[in-house]
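Chains: A, B, C, D and E, in written order; residue numbering restarts at 1 for each.
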Amino acid sequence: MTATTFGWLVLLCPLLGTVVIGLGYSRLPGRTPGWIATAAIGLSFACAIVMLIALLHRGENHRELTSSLWNYASSVGVDAKLQILVDPLSVFMVLVVSGVSTLIHLYSISYMTSDRGYSRYFAYLNFFVFSMLLLLLAGNFLLLIVGWAFVGAASYLLISFWYRRTTATRAGIKAFVINVVGDVGLVLGTFFIFTHTGTLDFLHTFAAAPHVFHRDSTDLVVGCLLLLVGAFAKSAQVPLHTWLPDAMEGPTPVSALIHAATMVTAGVYLIARMHPLFELAPTAADVGAVGGCLTLLMAGTIGLAVTDIKRVIAYSTMSQIGYMIMGVSAGAYSGALFLLMAHAFFKALLFMAAGSLIGAMAGNQSLDRMSGFRRALPFTFGCFVIGGMALSGLPPFSGWFSKDDILAYLNHRGGGFEIMGIAGYIGAILTAIYTFRMIFRAFLGDPCPEAKELAEGHLAHAEAPTNPQTGEVEDTDVGFPGPEHHIAEREWPMKIAMGTLALLATVGGFLQIPGVDDAIRNFLAPTFAGSRLAAAAPTTGADWIGLVIGGAIAVVGVAVAYRIWVLAPGTATVIRERFAPLYQLFVNKWYFDELIDFTIVRPALWFGQVAETVLDRTLVGDVITGGTVGVVGAVSAAVRRAQTGFLRYYVALMLLGISGVVIYFLISS
Amino acid sequence: MTLSILIWLPLVIALIASALPPGLVGRATAIASLAPLGIAISFLARFKLGHSGLQFVTDRNWISAFGIHYKLGLDGLNISLVLLTTVLFTASLVWAASREWERPRLFYFWLGLAQSAVLGAFCAQDLFLFVAFFDLMLIPFYFLTGTWGTGDRVRATMKLVIYTLVGSFFMLVAAIATAVLASNAHGTNLTFVLSALQHLPLSHTSQDWIFLCFALAFMVKMPLVPFHGWLADAYRSMPIPAVAVFSGVLSKVAAYGFLRIVLPLFPYASVHYQTLVLVIALVSILWATSLAFTTTNARLVIAYSSVAQLGFITLGIFSLRPQGGQGALLQMLNHGLVTAPLFFIVAALAARCGGSEDIREMGGLAFRAPVLAALFLIVALATLAMPGSSNFVGEFMILLGVFKAKLAISVIAFLGVIGAAVYSLRIYIRTMHNPLGPRVQSREISWRDGLAIVPLVVVILVLAFYPQFGLRRSENSLKATMAPAEVQEGLSPAAVALVAPVTAEYCPSAGPSLRGCTP
Amino acid sequence: MSAVLFFIAAIGAIAGAIGVVMLRNSFYSVLSLVCHLVSLAALFLLLRAEFVAAAQVIVYAGAVMVLYVFVVAYVGGGEEIPTRSGLRLLGPLLALALAVELCVALLGTALKGISGKGAPYLPGFGTPEHIGKLFLTKYLFPFEVASLLLLVAAIGAIVLARRRRGLEPDEELEARYHPPLPSWVGSMAEAGGLTHFEETPGRQEPPPSPESPARPETEPIGSQS
Amino acid sequence: MTALLPLAAAAHIKGPHIDWASLSPFVVLAGGALLVLLVGLLGSSIARERVVPALSFLTLAATIGCDISRFHHQASIISGALRIDDLALILDLVFAISAVAAVILSAREPAAARAGHGEYHSLLLFSVFGMAVLVSAQNLVTLFIGIELLSIPLYILCASDSRRAASLESGLKYLVIGSVGSATLVYGLALIYGATGSTDFSAIASAITGNSVQAGGLLSDPLLLTGIALSIVGFAFKASIAPFHQWTPDVYEGAPTPITAFMATATKAAAIGVFLRFFDVAVIGTQETWAPLLAALATITIIVGNVGALGQSSMKRILAYSGVGQAGYMLAGVVIGTKLGIDATVFYIATYLPVNIAAFAVIVARQRQRAGGGGEDISALAGLGSRQPWLAWPMTIAMLSLAGIPGTVGFIGKLYLIRALVGGDYTWLAVVIVIGSMISLGYYLRVVATMWMSVPEGEPAPARAAAARPAIAGGSPEADAADTGGWPTPDRAVANAEIAVVAVLFGAAGVLFGIIPSPLLRLVAHAGRSITGIF
Amino acid sequence: MAIGWYLVVSALIFSIGAAGVLVRRSPLVILLCLELMLNAANLALVAFSRMWGGEDGQVFALIVMVIAACEVTVGLGLIVAMHRRQLPIDVDDLRELQG
């Protein structure tokens, strides 16, 4: 059994889980689907570990393995096989994804208990994990795109999981369509590369690229930019980010899994995977870095303004992924992937905690209505604080090690990248502020009614389930979600999942302490062996300087948040009024939705209507069809009108004909 | 087991079944239709890979005065389409058999004739035979729509037939002109056999106008914008089994015609008009896509999506690149497989909301019908060419071909890919999801409907794992069929070898003479 | 001499023809045609077609015209009201155009014979003997067929014009469905609206139904005749 | 005519040699016609109503037999008056078959009883005789007398249902316009005679091509060309070529339906046949001049005919206009002036025959069933598909064949025509044909739609029909049939058996030859060969 | 006189006959006008016969005469039949068949 065999097993487990749950949807009792799903992912994780071990047994230069089952589409020059690529990068990602997924599945077992679509939920969730793993293990562009789109579809399904909610379905279609835009970018980018390399296989492509492409050759740059479109769409980077906040319509564990820990990091993975191409096309890489940089700043500012707790975390996700994209585009591969892992831990944790909180709030997600849950939800509070500290980059949590690794790299690389480094530090302040804004507003202060109720020992449940976005009462007969909500304090699976993640978020950073272990960098080294940029890592000293600065900035940020929301609770209002235009800009998410609506959605709909009314009905229906019919009809009427029944008219026409015919012959004589 | 048996068996079955009592005809026909399906599979099993030529050839003189042969044969281009035809007809018959039809004997007779004609059109290796089958297959649909249709059926069916026959009649002239001019120019006997005609290239002027006639016929049949005037009415009116095969198979005959006839016989014109056809296809894609996301009739969404898909298929063919061609072939198979179940599903949806096909009146159907919802979801995702579906592989290769030929068109065509996502999900969400519609009664799919839909969905899923199925047999044939055009374009030196026997020398002009126009 | 005769005959023929067309009374038209035919016979004679001329006078001006006169008398062709339509103008115009075209064709030919007086006269040209010979040799078949044609015409005349008792119930039916109009129809009383004539079926349209019972009657009646 | 022969011998005039074998179809026809006429005079109703049709049938069958026996025996008989060749014989077959159908359809035709069975049938046979003469004619005189012998019986037959005013009206219209046509034709023939000095086709042809005195001078002589122009008009009128077609719808509608069927098929075939004879033999030399004109006429005809049929409600009128359009197609075959063109034209005529007869048979059947009138209306066909499939199918096949749908003989006919046109460098005319076919779909398919896709209007309210029935209409099965909306009671359906048989047989032929056209093709291939001097 | 003169006369008669068919309403007179047209043809035939010196034209003219007689007979028969049916003897009133 080689590493690749386990690679296939990694894929097979969640797929089987999907099929079993999908087919047995009506027969599996109680929580069984949840357990099956969790077990499937757990097995997958176990296989991933075995795969890791198997890979580590091989020499450093022999850690890129491929395996193919059959020809997927190979004909007339297209050479797509059903092929996986097992190398340190993919194994690393698989481990993170399957690991975090297992925990989130575990969490979901409880969290979704009372939901009517329990089986469906786990089928989707397993399918998502399968897709994500396929994306990660894909050995060629075609399978990558398949996985890429599958996660998009799974994401869509889970976002609109409560499909009776129009907000949910709208968010779902939005996410899906933007993801399709990303897919299209990816496909087109693939075309640009394929036409030169003539192969879809990753390893062959990377091997051929230096020979067929000049540095910064136009086609390659365009191709890489299009790949970036894919990456940006999936990772919710500006300007293709608008779907992510809306995606919070889905159940909270889904947000934790897909929109925090795994799927959204696919863009990072993609750039890391394609690094041989991006290094040949530095222009494209720079664009990626700038995009990530912009996103992290913009998302940070919005995170300051919005009040929906899940959306705050969502914007924070965007911002964190901005760091990763920036890092991975600039060449800080190990740093970015390290952040990716750490982010998966702490952001999943934050979402889970938020889920618990929302459960306590009976589905309400607004920060404005939450306060004082510190005593009512002690475990959740603890987890949230750990996650928040990790997110803010407070030492010694995982976020600190990882984020500041990237920033240190940027500062070290120079050549304009320092600016991004500085922007990163600004972002770090914002992160700390909005993170602790959440913590302070939700957990400190006077307990809100729900918190009081919980403190008295029972969980608040809304009388009628409502849509948290619109407040509409939902059909209880078919009510999605169920009337109940579940909190970590009462459900041991949730507790285990959150506890594990809290632990990982705390200690995950120790995997790569500069100058101490550097485990991740070393492990990934074979993948980035040929990379010029990876080799140009900063020294240990420079790393530590960066870490210190970053830690300090995080502390400052937390202090600012404490000043605003705890020490002087009115400050926020004052600031809001003083910078009203800016606040409006932030709270309206920089008007991106409106912009897209105005530039794309409306014209498309308008064109659709024009196509139907003006073009189709008028042009094709009336002018072409109707015109022909009209002309024929008119001639027909004329012929029939000539048929008067008057004998003498017939003779007259005949004579006219005779004259005509004779004239013709006379002329031709 | 010759191809003749395969082709005529459905008609024979229908005729025999009409001797049964009316109540049994449907079920008998449906069960018996497994026989053609089985025969088609047996051909598939016996098909030799790596052959670019015809297999299982039946060649007989039909009308010797004109050199018209009754020549049938399978190669990579049509084998999967033949299989598709039998599959879809069986599914449609199964679907139909669970329902009561007025005058059932006649109903199944027309369906049987339709199947025979479509199979004939796919297998025909003689230009005239193809034209004959091509026109013939319309007639059953004329009756099916007019007699068993809904709404303003007679008007719709007249529109359908007249529109399509307009194209077909031009094609008839063009086909005869092809044979006559070819034999005149080369001093050979008149022949309509495709393989023979391929060695008798026409002059450029002749190719130009003949190409346009053929293109018109095929584009009307597909249809492409702006030749789609018949589409909306016809699709709305046709009975479901008819519309399923019509959109699933008949439109493919047209696309297949491009590959089988136009590209090999008129390579010069194919290259000459490449951009024109590509633009028409592109406009179709965009136009149909935008219509599909504004129209509120569920059937029309599918209808317009078909137009867009056929636009893609045309794009692939007229990329004049093997990738595009292979993609187009695969996509024909895929589109047939998704569009038929979609129509069945629409029928099921309509049955659940008081007979209305308006998606504004639907919504929330998924609640008590998870299986129906799941089937619909799979099919909808396949329709939008979700990567991972075989449709995606088809679209991928099509766009790759176009990309190589005309980059800009390929890039714009991607808008259609995005649009497909919008309209497919729109119809899925508006029917299955969202709050419950006013007259909606959510019910699980009946096992009878399931009998027709589930096998098709299974095939879709299998193909998703193994799209190579649709590619491996066709590669050599497709290269051969594309080769003349590629040579014409001066593209591939390898292709020259494939068309070596064809003399590319100048032949005397024989365009449509204007003799007799002036005194 | 022949020129004078020609002009007289030609003017006679043309005048006769114009008379046929212009005279309102059909009876006068017939007479005018007779005049035309006789003039034409003269022209035939000038063209040395003796037999044709004779046949023209005997058969045409004699027999056929008598038939005409009988029919005119039977049908009672009185004054004809001139047409109101544009054909009154268009007809002559078209005819004029036709005449001009024909003249152009006849006179524009390169054939020398047209301007000549004809082929040299051979003895016996146009005599019954020559004509008869042709009829029995070269034109034997048309000659025989002409006899069939005359037979056909005779059958036709019988079929169309005969009255078979019982076979034409129409007139009785007609009478049943169109009873004689009341005496006041067309009177001043009617004009003054003094009578209620709605009850009387109009003469305009015979109802379609009387045709249906008429058909089966043919069989029994046919056997009686 | 045999009686005259001794007389000729007595005058020491050597009569022409007569090839009796070749003349046999004519002899049979003429003899049969006379016999029928005589038998018709007998008193017994059985003789008139049973024997006369049977004799007519036998005569036609014998004619067909004679025709077939003379195949491949080309002969020019009776001093070159007639030419019996394969072209003529094939056309004779068409006439005879059409007449057979007309005889069968006339079996219960009131017009036949009204005109007298003997007269009616003998006129029909004389008309066939005239047609045979016409397409065999080798000189102008024969040609003219043939065309008259064809026409005059038809004038009478059209008017024979003298009970109906429409029948008389149609007879008169046909007669007047026909006579104008004849006069024009004879004037044209006179001019041709004047220009060439001969009445024989072969002599005319050689005079034109310059073997004679006027070497080369005649080709563009106005006299000759005007003669040709006037003859074209005369023939065109017979073939209902626009703008000389206007009599067609009116006469077709007014005439008794079996006669309409006969006219629609046989007369058209004869007229097109004489086109072939005259233009491809006598004046082939001037093809450069007349072909474009005929092409233009064909175009006009195709458009006018097909367009005119669109808004009609009477089936007979629809078929009349359709016949105009079809005549245009046939004329297109004449235009080409090659052997292929002749073959194609003859083939088209042969394909046109069965389906048109089938269609008319169905109309006759409906007229019989709807004794109350309106049987020829298109609405009378509503619901036919479910009520009387044995009538609906032939009509469907006929319509599809006329429209040129594959699987029917009309499709092969179109194929042949287009093939000949393309081969003869008249591709644009082929396109016109195709455009005409497209327009024609508008009404052919409407007929089919009416039969299969609509419900008869009077369906739910038989009581109303009964109330409206006039008192005198009682007691006859016809009236009862009228009560039930014109749908047959069982015995009525049986009574129409012979019509249904005709419809089904001819409809089946329409499909059979559409699938296996080769025998028919081989047959017509001889037609073109019989005209020498062209390619 | 030159043959041409005869031909001109014949052309005039033909045209007059044609005009008569157009302007007259009585079928009887229309029949007369048809006679005129046929007679014009006869005149032309006889003139040509004279021109060429062969009797074919005269024979043709005789045949035409026969035909003219036949047409007249049938035409008159029709008129009589119409009169019997009490139909108007006026071609402008014969408009049941139209369209």
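Basically, a contact is a pair of C-beta atoms (placed from the backbone, for glycine too) under 8 Å apart; a residue touches a chain by one contact, two chains touch by 3 or more.
Note that the structure is predicted; figures quoted are calculated from it, not measured.
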| item | value |
| --- | --- |
| Graph separation of chain B and chain D (steps between touching chains) | 1 |
| Mutual neighbours - chains that touch chain D and chain E alike | A, C |
| Separation of mean Cα positions, chain E and chain A [Å, integer] | 95 |
| Separation of mean Cα positions, chain E and chain B [Å, integer] | 63 |
| Gap in Å, rounded to a whole number, between the CA centres of chain D and chain A | 78 |
| Numbers and ranges of chain A residues touching at least 2 other chains | 640, 643, 645-649, 651-652, 655-656, 658, 662, 664, 666, 668-669 |
| Chain D: positions in contact with at least two other chains | 141, 145, 148, 152, 155-156, 159, 162, 171-173, 176, 180, 184, 191, 194, 221-222, 225-226, 249-250, 289, 293, 312, 442 |
| For chain C, residues that touch 2 or more chains besides their own | 83, 87, 90-91, 94-95, 98, 101-102, 104-106, 108, 111, 114, 138-139, 142, 146, 149, 152-153, 156, 158-160, 168, 170 |
| Complete list of chain pairs which touch one another | A-B, A-C, A-D, A-E, B-D, C-D, C-E, D-E |
| Parts of chain C lying in touch with chain A, wherever the complex brings them together | 83, 85, 87, 90-91, 94-95, 97-98, 101-102, 104-105, 108 |
| Chain D partner contacts - residues on chain E that touch it in the complex | 7, 14, 17-18, 21, 27, 30-31, 34, 37-38, 40-41, 44-45, 47-48, 51-52, 54, 56-57, 59-60, 63-64, 67, 70-71, 74-75, 77-79, 81-82, 84-85, 87, 91, 94, 96-99 |
| Chain C to chain E touching residues, read off their complex | 2-3, 6, 10, 13-14, 17-18, 20-21, 26, 29-30, 33, 36-37, 40, 43-44, 46-49, 51-52, 55-56, 59-60, 63-64, 67-68, 71-72, 74-75, 77, 80-81, 83, 87-88, 90-92, 94-96, 98-99, 102-103, 106-107, 111, 113-120, 122, 125-126, 130-131, 134-135, 138-139, 142-143, 146, 149-150, 152-154, 156-161, 163, 168, 170-171, 174 |
| Chain D to chain B touching residues, read off their complex | 289, 291-293, 295, 335, 385-386, 400, 403-407, 411-412, 414-416, 418-419, 422-423, 425-431, 434-435, 437-438, 441-442, 445-446, 448-449, 452-454, 517-518, 521-522, 525 |
| Of all residues in chain D, those that touch chain C in their complex | 1, 4, 8, 11, 13-16, 30, 33, 37, 45, 48-49, 78-82, 110, 113-116, 119-120, 122-123, 126, 129, 133, 141-142, 145-146, 148-149, 152-153, 155-156, 159-160, 162-164, 171, 191, 194-195, 214, 217, 221-226, 371-373, 469-470, 472-473, 476-479, 482 |
